[in-house]
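Below is the structure I would like to discuss, written out as structure tokens.
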Amino acid sequence: MDRVYIERILKAVKQGKLTPGQAVRELAHCYESLGFAKVDVGRELRTGVAEAVLCEGKTGEQVVAIARAVHKRSGRLLATRASRETYEAVKRALPKAVYNEAARLIVVGGRRTKGRGRIAVVTGGTSDIPVAEEAAATCEFMGNRVERIYDVGVAGIHRLFGHLDDLKQASVVVVVAGMEGALASVVSGLVSVPVVGVPTSVGYGASFKGLASLLGMLNSCAPGVTVVNIDNGFGAGVAASLINQKR
Amino acid sequence: MDRVYIERILKAVKQGKLTPGQAVRELAHCYESLGFAKVDVGRELRTGVAEAVLCEGKTGEQVVAIARAVHKRSGRLLATRASRETYEAVKRALPKAVYNEAARLIVVGGRRTKGRGRIAVVTGGTSDIPVAEEAAATCEFMGNRVERIYDVGVAGIHRLFGHLDDLKQASVVVVVAGMEGALASVVSGLVSVPVVGVPTSVGYGASFKGLASLLGMLNSCAPGVTVVNIDNGFGAGVAASLINQKR
Amino acid sequence: MDRVYIERILKAVKQGKLTPGQAVRELAHCYESLGFAKVDVGRELRTGVAEAVLCEGKTGEQVVAIARAVHKRSGRLLATRASRETYEAVKRALPKAVYNEAARLIVVGGRRTKGRGRIAVVTGGTSDIPVAEEAAATCEFMGNRVERIYDVGVAGIHRLFGHLDDLKQASVVVVVAGMEGALASVVSGLVSVPVVGVPTSVGYGASFKGLASLLGMLNSCAPGVTVVNIDNGFGAGVAASLINQKR
Amino acid sequence: MDRVYIERILKAVKQGKLTPGQAVRELAHCYESLGFAKVDVGRELRTGVAEAVLCEGKTGEQVVAIARAVHKRSGRLLATRASRETYEAVKRALPKAVYNEAARLIVVGGRRTKGRGRIAVVTGGTSDIPVAEEAAATCEFMGNRVERIYDVGVAGIHRLFGHLDDLKQASVVVVVAGMEGALASVVSGLVSVPVVGVPTSVGYGASFKGLASLLGMLNSCAPGVTVVNIDNGFGAGVAASLINQKR
Amino acid sequence: MDRVYIERILKAVKQGKLTPGQAVRELAHCYESLGFAKVDVGRELRTGVAEAVLCEGKTGEQVVAIARAVHKRSGRLLATRASRETYEAVKRALPKAVYNEAARLIVVGGRRTKGRGRIAVVTGGTSDIPVAEEAAATCEFMGNRVERIYDVGVAGIHRLFGHLDDLKQASVVVVVAGMEGALASVVSGLVSVPVVGVPTSVGYGASFKGLASLLGMLNSCAPGVTVVNIDNGFGAGVAASLINQKR
Amino acid sequence: MDRVYIERILKAVKQGKLTPGQAVRELAHCYESLGFAKVDVGRELRTGVAEAVLCEGKTGEQVVAIARAVHKRSGRLLATRASRETYEAVKRALPKAVYNEAARLIVVGGRRTKGRGRIAVVTGGTSDIPVAEEAAATCEFMGNRVERIYDVGVAGIHRLFGHLDDLKQASVVVVVAGMEGALASVVSGLVSVPVVGVPTSVGYGASFKGLASLLGMLNSCAPGVTVVNIDNGFGAGVAASLINQKR
Amino acid sequence: MDRVYIERILKAVKQGKLTPGQAVRELAHCYESLGFAKVDVGRELRTGVAEAVLCEGKTGEQVVAIARAVHKRSGRLLATRASRETYEAVKRALPKAVYNEAARLIVVGGRRTKGRGRIAVVTGGTSDIPVAEEAAATCEFMGNRVERIYDVGVAGIHRLFGHLDDLKQASVVVVVAGMEGALASVVSGLVSVPVVGVPTSVGYGASFKGLASLLGMLNSCAPGVTVVNIDNGFGAGVAASLINQKR
Amino acid sequence: MDRVYIERILKAVKQGKLTPGQAVRELAHCYESLGFAKVDVGRELRTGVAEAVLCEGKTGEQVVAIARAVHKRSGRLLATRASRETYEAVKRALPKAVYNEAARLIVVGGRRTKGRGRIAVVTGGTSDIPVAEEAAATCEFMGNRVERIYDVGVAGIHRLFGHLDDLKQASVVVVVAGMEGALASVVSGLVSVPVVGVPTSVGYGASFKGLASLLGMLNSCAPGVTVVNIDNGFGAGVAASLINQKR
């Protein structure tokens, strides 16, 4: 979506050939073609969420090219599941890039606070923290304040009760838990706000790489829990942000 | 939660033995024991959602007893997955009970509008309507206005585009779809509000009773989709209501 | 194991041909052949658990013949997963037979109290009660006192805390729960005695007939939980009895 | 299928001992034995598809020996799932061999255009390109013209609509997509030609290495979609070629 | 898509306000709303396949209403997975409706031969015939000639070879097989045309309701096989028709 | 394979146009077409096993027609998974038909003893007997002597040891067991003959309809166990017969 | 749980502000926050089991910090699934740490014998020993005497019978077995004490990383077997300890 | 089973204290304890199959110790799934050890021909050869003659027909095939001897590491196929040997 294109749209608005609404729609439905990729440059206008770059499964060159295109348009960037090598390649192209190693995120810009409320990100154990950090950093990138409450799994449930007031003041709660994923049900029975569950692949044997936790959260006996894919901290962060910034 | 108990709490507040906040907390954490069941009479205070009665797996007598207890306290009732037989038993006990046959819900006194926005409930096909009705009626019971957009699956995607404006004006979208569940991804790529996916067991063969749709929604390439259990219209309705009524 | 056989063993003991220990071992390893079945008449001596009759998958005649053989030897009977029709057939043969409809058990002469402690049987919901009753009645048949604590699932966890003292006084806790099965983890984090989890097939959709609950309990983040087959109240009752009656 | 054998067949035809039809059938059903392998030298006559060499699971020597045998007969070669090491070994034996790294294909002599129409190969994302390239290069090897339309997944469905005319002019469409695989259904609802879906293992967590996408495509709500194995770009290319070259 | 609407489109064409191409596109993207359903009246123009009515999961009234709408527009109807009861309801509304009991299809009109070639429909066993008939009748409804070759499974593979000439003269082969589904691979190794596999749920035990056959066909060692959902004779018929009628 | 056809073959042998070996081969590869079915009349010559009729999934008329064709040729019949209704239909056509209700088999003329050794058929429990009877009756139909050893599961392993001598004298052992299927491993560790395991669907919950037993037998720690499909007594009987009658 | 906090509690007891029982409860429900982790310092008081540190999924620094916190309070430590690298990091912080390489455990202190009886730990094969050692060492850490009986799988069942007396004298038996897991059923049929089964991931192919053994044990035909997660020697050790130390 | 022990048994026979039969039984049920392992030295006497050493999951020292014990008794050794490192360790202890790299077997002294007939080992493709070699070498170690027929999969079924005479002359056929495993069914329909199927993990995607082939073989439409675990060439070799050497 280069400058020329935008100027043409704006000129059309000025000339009355396009109404402002038509112009927004036009901008929301265009994309920039890189040959191997079509960067969805209108996604933020259309869905409220800028296109993030999923690094896994892409070559370093592909990531850098997409990252440049996204950054050129918006001055910002969120790239997920990035290895250190990928980060270093992006860093050379975009020197302001910052790497969140725990969350495996590359971020440029970020933190333009928009949300009114606060999003609580809760984990069952210490091993769930990388996924939780992906969620938390995504929320922050999308402009929300985040409260981290880590290692409060149900094996010692008094640790959760010690943070009940923090929980009750959140607008949305993201619960990140592996193994049996019971924490999502327990939290959802205690708060009156939406709970987004993120099953993690923490565990072994019959956890089947997160399946146990996923099924546990889907079958939560406390209604109101919704669930994202295993280890999908990014998706949970987006969902929580959309909820927190609800019109 | 009989009258005596409440009066005792209120008296304690009056006498300064309990602060109002303590009283609310006390009320939120009590329950009424029926022997075989412990009706969670404080759930609405605590979680914003009154206890609904899941009829499946309970005998008729059990449902009636729990329904009476819930209704006595609140003058309202939502019972899910109710057969006509169960409804008739409840009707004898609670003559104001109304049966929503498509959604298999029993309702007493709903519709106290609280939500500001509107919840869109969308289905892929005609066969998904019973689950969608469960979601829609739950939303209405919890005080939300609902826009029904049915049979707009991706095999004829122009049907969806014909309702794009309705979709874009919703505060939350509930997408109910069986088979491959692709509709959730498509909708989520078009709107800037939270999307709650409900996979349904509509299909046969390799749909594995909704597994295909569940996995499809969990792997949505459009971030921001969250998912509830297969055929769980009630849970989606609760989640959408909590989102719509977010503080 | 007819009288003649036993008398022959006893005579051998008297004559010094068998030591008492040898005689016990001999008795423990014999069985009575009915042609289609070989009733393991020494099982109680050998394993502490009399042979129970699983009615499912057997014809009415087969159940009656095995029931007679078991009862003739011991004056007692426990038959599981019995339909009312099977019960009526057994009743004609063994008039003292009593039917526990909720638990689908046929019992003749139980309750010879042996256990010192008390076994708590806990359920997540009302729909889990049939399985819990199978466990509880098995425990009672094997001579244990049982404390029933029903409908204390984690969606309203304060209901569980209302029974914490009862729980803490038990020698063993059997936790019966469907859906996500989270209750086993929560209970196990609160008590210092063995917890036996029984996943139930209560639920729908992605509960996959109890699989979600089974996986949840197997992946419990609280160590010390052991698990039996889905809906296997009988097996949990036997395990709890063996634990409670440990030498 | 050495020269002597072919000459014997041809002589028999000349002498009227074999009709031309019988000779084709004879040639179509012979093979060349390498001891560890039996190269199906008649496959192209019989099925329209020359034998391709699947490199995975074979030693380098085995691949080279089979490649030589195939090439000797036809002057051409297609070897799939080839590592660079395997390619280098083949290159030493067959200097004209060319390596398509993205698609992991080794090709000698392709592109004898036979198909009238054009095959469109479409991907949902950038990470699906290696599988798509395997399909596209197979189609080209088999003589078809290919139109590549990459990164048009349903999260930004306007990108697809931007290529609708290209799609509508194709004779067959191959849709390559991971995650939920929704793109196959959407495309199939828009075009009037056969659609071959290739689920890819792109994704994580509950994608279960392509299972989600596979099930999604199998349950497509748009009839007319057929599906090949996960990541099987080669198979999709063959199927599309057979369709495009249909008598 | 009532008459008024069509006349308006046609008038616009006449007046030069719409090009003929624009008119076709307009017609192809409209639908008729029945409230609970949106009949995709342009599907045949758009995808070459008229909308068929899947009866399963719909009430009798819903089927009749949709059937009327489809028939009103085109004078034809194909309804799948129809019980005899549903047929009788449709028959009252559309007296020309004919019921194919084996295939569970309701047909009105049909057989306007368009395809040049012939589609062979092959089954492994006798029990696969209902699914094969669904495929064959769909092909015929869509205007193709069909050759039925039933009960030629690989346990007695000479039965297949007895029909090799019929097979080789087909333009497309649909292979319908349960159990291990091996027939698809064997056929595909013998013919030079596209093979569409339909796994069926025939079998028991580890066939897991068609999963074994589905996986077998997806893993076919003979390239060129594509697969549809278990028991999806209709889908296979549509795919085969599209292939046979390829431009 | 009517008389005329056979006479023609025999005449050709007499005239020296066919060698006896060629005639056998010719007869072995023909079949009789019934339209919906192709009765593999040469199967016994070819594979040593006459074609048995699987009744499940066929209509009564289809079974009767196939049964007649099989019987006409050989004077014998084995039909499996037959309901009483099917039996009665067959009985009308073939009055000598006998019904083995437990095994759900229809038999005409069996028991031409051919095998030298004896086949032991062993079950873990009483509920496994129907499958065991299918295996045993198939063995007997194919001319073998059978030793039945029922209800000797590993929960009371001394019952098995009581039959060790019978086991050791068998030429082949068929082990039929549900639940965990452990009996196959134990037996295989005790005897020096082939062991064929038949997992049964006896069990509930995490037996997943025989999957647990199937996996247990496939993973037997005692080498030499081979396995057939869940509940496939017929297949085990055929395999055991082929082993016992090995040249 | 620093000294100051404990002194405050004790002072309150002394002053009569807390009863001793209240003080125990208070201590049992506190935890020590490390930021990323909340060490459940009261777990031993509450559940009889000190918090063990699961090393997998934690960084070396995290393990060391938690280990220090646990050790400071109790002078003891049990860390599971520890690599040698992790051990060396812990060793630097806690020089008394000892590494059990087979069991992958780090232990400080341990062996304060409390249990009266003896726990037998039994394996099917040599490859199951690492998991068995984890169980055995956990039992010993928790104060129990352990009898190891290794490599007595059912393929040579006389090896088990050679240890029958040892088995019969145990208070609890832990059975560790991969492949089909049959050993648990066989042992449970021979002893009159609780049996805890630990399926292991030993095996290949259709063992599906321990699933076969897990299902086998869950479906044990001998009642009284309870099961823990695949490879969960630690959990089995805790469960066996709780059973052996039952009040 | 050291010399002293054997001499004691033999002396007892000589003195008439043991009959020869009792002595065989005694020898068959003893084992040699290595502490971590109990070598089943009587297995060959008891089951006809000497104990083979499964190397996977054992340390090098454990393999060497067991190999020494087995070899000391019998002068022979078969060790399966051995890496080259393990082989080298064994070689140092037993210099006559020979390594079959393709089959990953270590052999000392094999080939004492006992079987009368010949065992055919057949593969679908070249990639199945390692598993086939494990089966073939096991058969040879156990004294059987083996006919190898490789790469005759059903994609070019004429390759199989080219070896029909070899197949028909075998006493047992072992069919080794990955992907869809169809070869087992086809072979079983052509021969009159037992067929043992070995599914392999050759394939990708929806082969799910051999599951597709396993299910395919279990559901074979040709009765008489029995199946062993995925990639279990050793088990198939043992089973085929036992069948071939049947009394």
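A, B, C, D, E, F, G and H are the chain letters, set down in written order, and residue numbers restart from 1 in every chain.
We take it that a residue touches a chain if its C-beta (ideal position, glycine included) is under 8 Å from a C-beta of that chain, and two chains touch if they have at least 3 such contacts.
What you see is a predicted model, and the numbers here were worked out from it, not measured in a lab.
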Considering only chains that satisfy the touch condition with chain C, which of them also satisfy it with chain G? A, F
Count of contact steps on the shortest path from chain D to chain F: 2
On the document's contact criterion, could you list the chains that touch chain C and likewise touch chain D? A, B
Self-contact between copies chain E and chain F, residue sets same or different by half: different
Tell me which of E-F, F-H or A-C has the interface of C-G again, with more than half the contact pairs shared? F-H
Centre to centre, using CA atoms, which chain is the farthest one from chain H? B
Taking each chain's centre as the mean of its CA atoms, the one lying farthest from the centre of chain C is chain D
Which whole number of Å gives the spacing of the CA centres of chain A and chain E? 42
Take the average of all CA coordinates in chain A, do the same for chain H, and state the distance between these two points in whole angstrom. 53
Which whole number of Å gives the spacing of the CA centres of chain B and chain E? 38
From the mean C-alpha coordinate of chain E to that of chain H, what's the distance rounded to whole Å? 49
Touching at least 2 other chains, the residues of chain G are 43, 46, 125, 155-156, 188-190, 205-207, 211, 214, 218-220, 222-223, 229
The chain pairs that touch are A-B, A-C, A-D, A-G, B-C, B-D, B-E, C-F, C-G, D-E, D-H, E-F, E-H, F-G, F-H, G-H
For a test of understanding, state which residues of chain A touch chain C in their complex under the given definition. 124-125, 153-157, 178-182, 185-186, 188-190, 203, 205-208, 211-213, 215-223
In the complex with chain H, residue positions of chain F that touch it: 43, 46-49, 52, 117, 171-172, 188-194, 196, 214, 218-220, 222-229, 234-236, 238-239, 242-244, 246-247
Chain E-touching residues of chain B, taken from the complex the two chains share: 125-127, 129, 150-152, 155-156, 158-159, 162, 202, 204-207
In their shared complex, chain B is touched by residues of chain E numbered 29-31, 35-38, 40, 42-43, 46, 51, 54, 56-58, 62, 66, 199, 201, 209-211, 214, 229-232
